[in-house]
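Just so it is clear, A, B, C and D label the chains in written order, and each chain counts residues from 1 on its own.
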């Protein structure tokens, strides 16, 4: 692992490594077949920065209105010892009345260092887990830790873990609405996998998988109000997915072995921190790591515009279902070659060629012009 | 996605311009549609921020919510929208209408927003606590009616323009990117001097090409909108009317810059669609739309309650059955109307087109009790033919006529012998033109536009125990009418 | 140790006892070949014995005919009605029974103690055809909305089906009903249990169909929570060939592997292909032909029997794939081998099945191709051996599969996960791989 | 409108576009430089506008088809300047609640019962000022706005303000204390509502906020009975009180033994992680 760590550090260069958080860990599952993303994530490269540096800034931004709404909803739930959240847990999850403890782990005596907060979280939760008495219910902002690709990632969860009948549950607060019992499936999916990250980290901390429920609690505003509503999420599938992806990250050596030995994404900053590296040179270095672009990347990955540009002559940029109909042929030119009967004969693609030829013939037949 | 459409995408990518995937237009486009472009405040469940509305391209109507988190202003927005949409709907509200209001929205997210707007307004009351103007709950019901129709595949009452355009043209980008109205129009009809691909790329710059909403660009929110909203709030708190008017005008100006480009695009899309010839079944489907509009109008006049929040067991099952039938029917009608769609079925062997090489138009079958006219024709085709002897086919050119497959000779080209029944008049000699002649181009499909009758469902009050028993009768509740919207 | 027969008998008597007690109904989960039809017939007979008038609801005419035939055999004196559509021509196995009356009208069959029909036919029947008891077969493949249309015809119901097979589906894509307990797109069993959580759910514990080599694999991959065992022992089922090949080509290697171990993975070189991959189609056909050429004989607890064309099936994910295999078989001059999609093979049984792996040659896995029910049907139709035909690269494809499916509130999570099930089965098959180069 | 204003407005628009472009391109430094430029231009614009306004007669308001149903709101903050210094207003609110409270709640209470409001954010510096004042001249004032202390570390509890004259037991926060204090606050707010001679909507809204989170306190924001709130809150408080009293008592004893005068009011600095961990275990054992 030492060699791997050194290799990844060289790839990252002088930039400060990007730490993983629940969101980035959850994103490991969004395109696990992409070696480029795997390497960049494992090395802790600032993808946003290098994408922008090569002229393809990521299309993601967040509106302050959305941020403010999210923060206000969380603050409202947690005000006065999380009184509103407590009422919700009582009402919707039958939390017994005596369970009303609230421990704030946001800071340790005014200190917010992650190590200290983690130590405090660990000693408090372990102490409670080993003690059978009912002396803890809600834990605000516990600081958890998870090993990701050989490094520890501190997880800064906006969550309260709560404990009832000797088992901990993870509560995830989100500000998207639940309207008449329904919420956006993609947003719930993102919340579920993030909760699963916390479940995993919490199990890890307690050293006992049985101590944490696989059902997490999602708290969202109800309908058009800011009144909270809770829903249970079974995250067993998400846990399986995460474990799989984390174990893949541990196998990053396989990928590193395929890369040129001197590879680095260092921007070569001068003393003032101004990059001296040529963007084209960096882009060339990035291209030595193969990507698996799909249009879905446009929603999830900071490198998406870079990879889309790179894939402009590939059927991949037309979407998965289009490529499927084209028999998985990779290049647009090859597809058209087959369709026009001018493509070099390749026995492996003979069948696709016949199909495309037939499609071209039909299209020409109807439109009265050659494709 | 069929291979033919995939091929069209590839061609579009190569030529850098969108390629047609239809030869006719499969939706109705009204002479006077109502364009609605809503914008929402980021992060909120359903907070209208602004909208551009109107049925005349020269007169975009801007509606603005200076303080989108204020409940009263939200209802004021709903009332204003009702002030535009209400009279527009009323202008079609005749007995048994032969035309109907048509709503045009830019993208699926706009429909989702309008659906929520309908949901948050239709239960409101016009008296008592939190009373709203009568137009508000009425608008809510209409918006709900329209967004529900938007789920029905053959309906044109509410059109989502990105979807309609993507249904008629293939671009050289992915279906996901086609959801950007500006990008897809760029592919179809780029500005002079640009390729479609270049226009689509330019459309991704949110500063030059504001998104069609309802979500606004985050940098617009952070760098422009927030300051202008704050200015309005400050002016209001100081009670300076002139400052307030000025701040409000500046906020409106900022939002106008976000909406106007989309407004222009919407009407360009309308022009693009109008330029296509209309498919043969489109008027029939529009007539069904008009009837649906008319019957909801009657329902409202009869004082029916607002649509339920969620479907009950029976209405869900019935709706699903209707949607499935409608979708199946639409697929067939589109293929019958459009030779390029039919080509997708020819590709899979579910239809074939060819030339009649032999015909016995006067052939009589005398084996039964009665002598009957059963002409036979032989069709030669280079399409794949999956139909086997005994299968009954239909031709779009002669939908009333059944063609039974007698024999298939699987050489290339294949020859198919068909025996015809029906649609030839009553005598033992076929009416002229009712039997395809030698040399005629014909097309036969394994599907026809004749359909199964509708399924019977129990009335909701007889919902069986397997499905939770009869649901409680809907009674308008205070809770619904006064629900928080903030 | 309890024998398989005793286990199964105990489960059946518990079910029959529950029938006598229940207010509403009983659900029985039946893994592949666990004697579902036998149970339906026994339950029907028991209820008839107890003086109840019953209706039997199955999903296809084929299934109704099978059950009619078996019930008539099991209860020689019982008056049985076969409710049918207007274009139904009575199958020979129905027509041969004197006790069976066939009619399109339920009123004509009022005198019959048991009346059998398809769910669609029952749905068009008026309420006066109601009976106190219904036995619903293949209930996991029946859609909730169809149950809604027939439920007024009975007071109590026994629902029997295989939860591991394919879920019902709709061509309509909508999120409109997600989270509703009466979501019309879910299965009849799901809707019934969500509204009547007290209804007892039994599971049949023994598969009579799957051989000892297959039961644990299928059980673990597709029935992780209930599980089941094979009724027959380790060496009770085997295939032998009456001819020996000259040399040993890959087809024969695959056949030998399958005959020896009950499983084989016939692996073609990795390649992204059209859905109707001609080489895979050819391989599926060639394997079927080779089984026939080699004169396979199946030895089992029922004795020895030649494996004819009717005892072999080729299963695919898509109709056009089945088409491609059929035409390859036609060209080889072979008829009688069943070639169909997983959907159509549900509930059927063969000695040997050849399964075209749904993920073969694909660049991306979709929810359709990953669905655990599809793979389960394809790999659990056989009494002796299952040969999976696929291009290399499926484990890599699974590895690269993104997990981005939407999650809906108040929708029970379904197990097993298609990804996990595929992974489990591929891990097992890797020991029985024959490379066809 | 003067020409200068219009030119400035066009420049503002250009700058805003430039800022957005820089943000989108991921050029953070350029974006902040441009933002600075923008802010300056905005100030110039404001000034130009003010000058223009002075030179112009009051004109009719330009029409915008915008909804302003709310109309101009009653002036908030700006109009009625506070009669008392901030620390005294905070004291008033805390004295009513009689438990340590967060700035936002303090502000809401004051608005409801004393009809003046201040942004909760103003209170962040208050505690620091009070500590400085106490260090300079201890006990010179009848009371100080001080910290609540965490029962385990005796460090200032995050985001809570208290009054120096309260018994130490009241200012020490154990894990049940937030709930107990919430219920006590509810009781005191209900009592204060009951004492009101005429209905004050803001006070009733505040009471509803409490009541909604207490089992059996009220069903509906419009029908809320202070007596019932008090009854329900007392009933629940009885459940938690024994455990809470024990934790607070132990904490208060340690505070009195271990902390100096300033620390007793404003909290102890953090010890090393090791003693802290040991302490935690001790408390939980």
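A few remarks follow.
Operating definition for what follows: a contact is a pair of C-beta atoms (placed from the backbone, for glycine too) under 8 Å apart; a residue touches a chain by one contact, two chains touch by 3 or more.
Because the structure is predicted, anything quoted here is derived from the model rather than measured.
Interface comparison, A-B versus B-C: the higher count of C-beta contacts falls to A-B. In this assembly, the C-alpha centroid of chain A lies 35 Å from the C-alpha centroid of chain D. Mean C-alpha positions place chain A and chain C at a centre distance of 38 Å. Residues of chain C found to touch two or more other chains are 180. Touching of two or more other chains is recorded for residues 217, 219, 222, 310 of chain B. Shown for chain D are the residues in touch with two or more other chains, namely 23-24. Because contacts link the chains in a way that matches no line, ring, star or complete pattern, their graph is best described as other.
Every pair of chains in contact is given here: A-B, A-C, A-D, B-C, B-D.
Of all residues in chain A, only 29-34, 178, 181-186, 188-189, 191-193, 218, 231, 233-234, 236-238, 240-241, 248, 292, 294, 296, 320, 323-324, 327-329, 348, 350-352, 355 touch chain C in the complex they form. Within the complex formed with chain A, the chain B residues making contact are 1-11, 13-14, 20, 23, 41-46, 116, 119-120, 172-177, 204, 216-219, 221-222, 225-226, 309-310, 339-340, 342-343, 346-347, 353, 382-384, 483-486. Interface of chain D with chain A (complex): residues 23-27, 101-102, 104-105, 150, 153, 155-158, 175-179, 181-182, 185, 210, 212-215, 236, 239-240, 267-271, 273, 276-277, 280-281, 284-285. Those residues of chain A whose C-beta lies close enough to touch chain D in the complex are 48-49, 51-53, 57-59, 61, 75, 79-84, 86-87, 90, 97-98, 100-104, 106-111, 115-116, 119-120, 123-124, 127-128, 131, 135-137. For chain C in complex with chain A, the residues that touch the partner chain are 175, 178-180, 271-278, 361-364, 366, 399-410, 412-413, 415, 417, 419-420.
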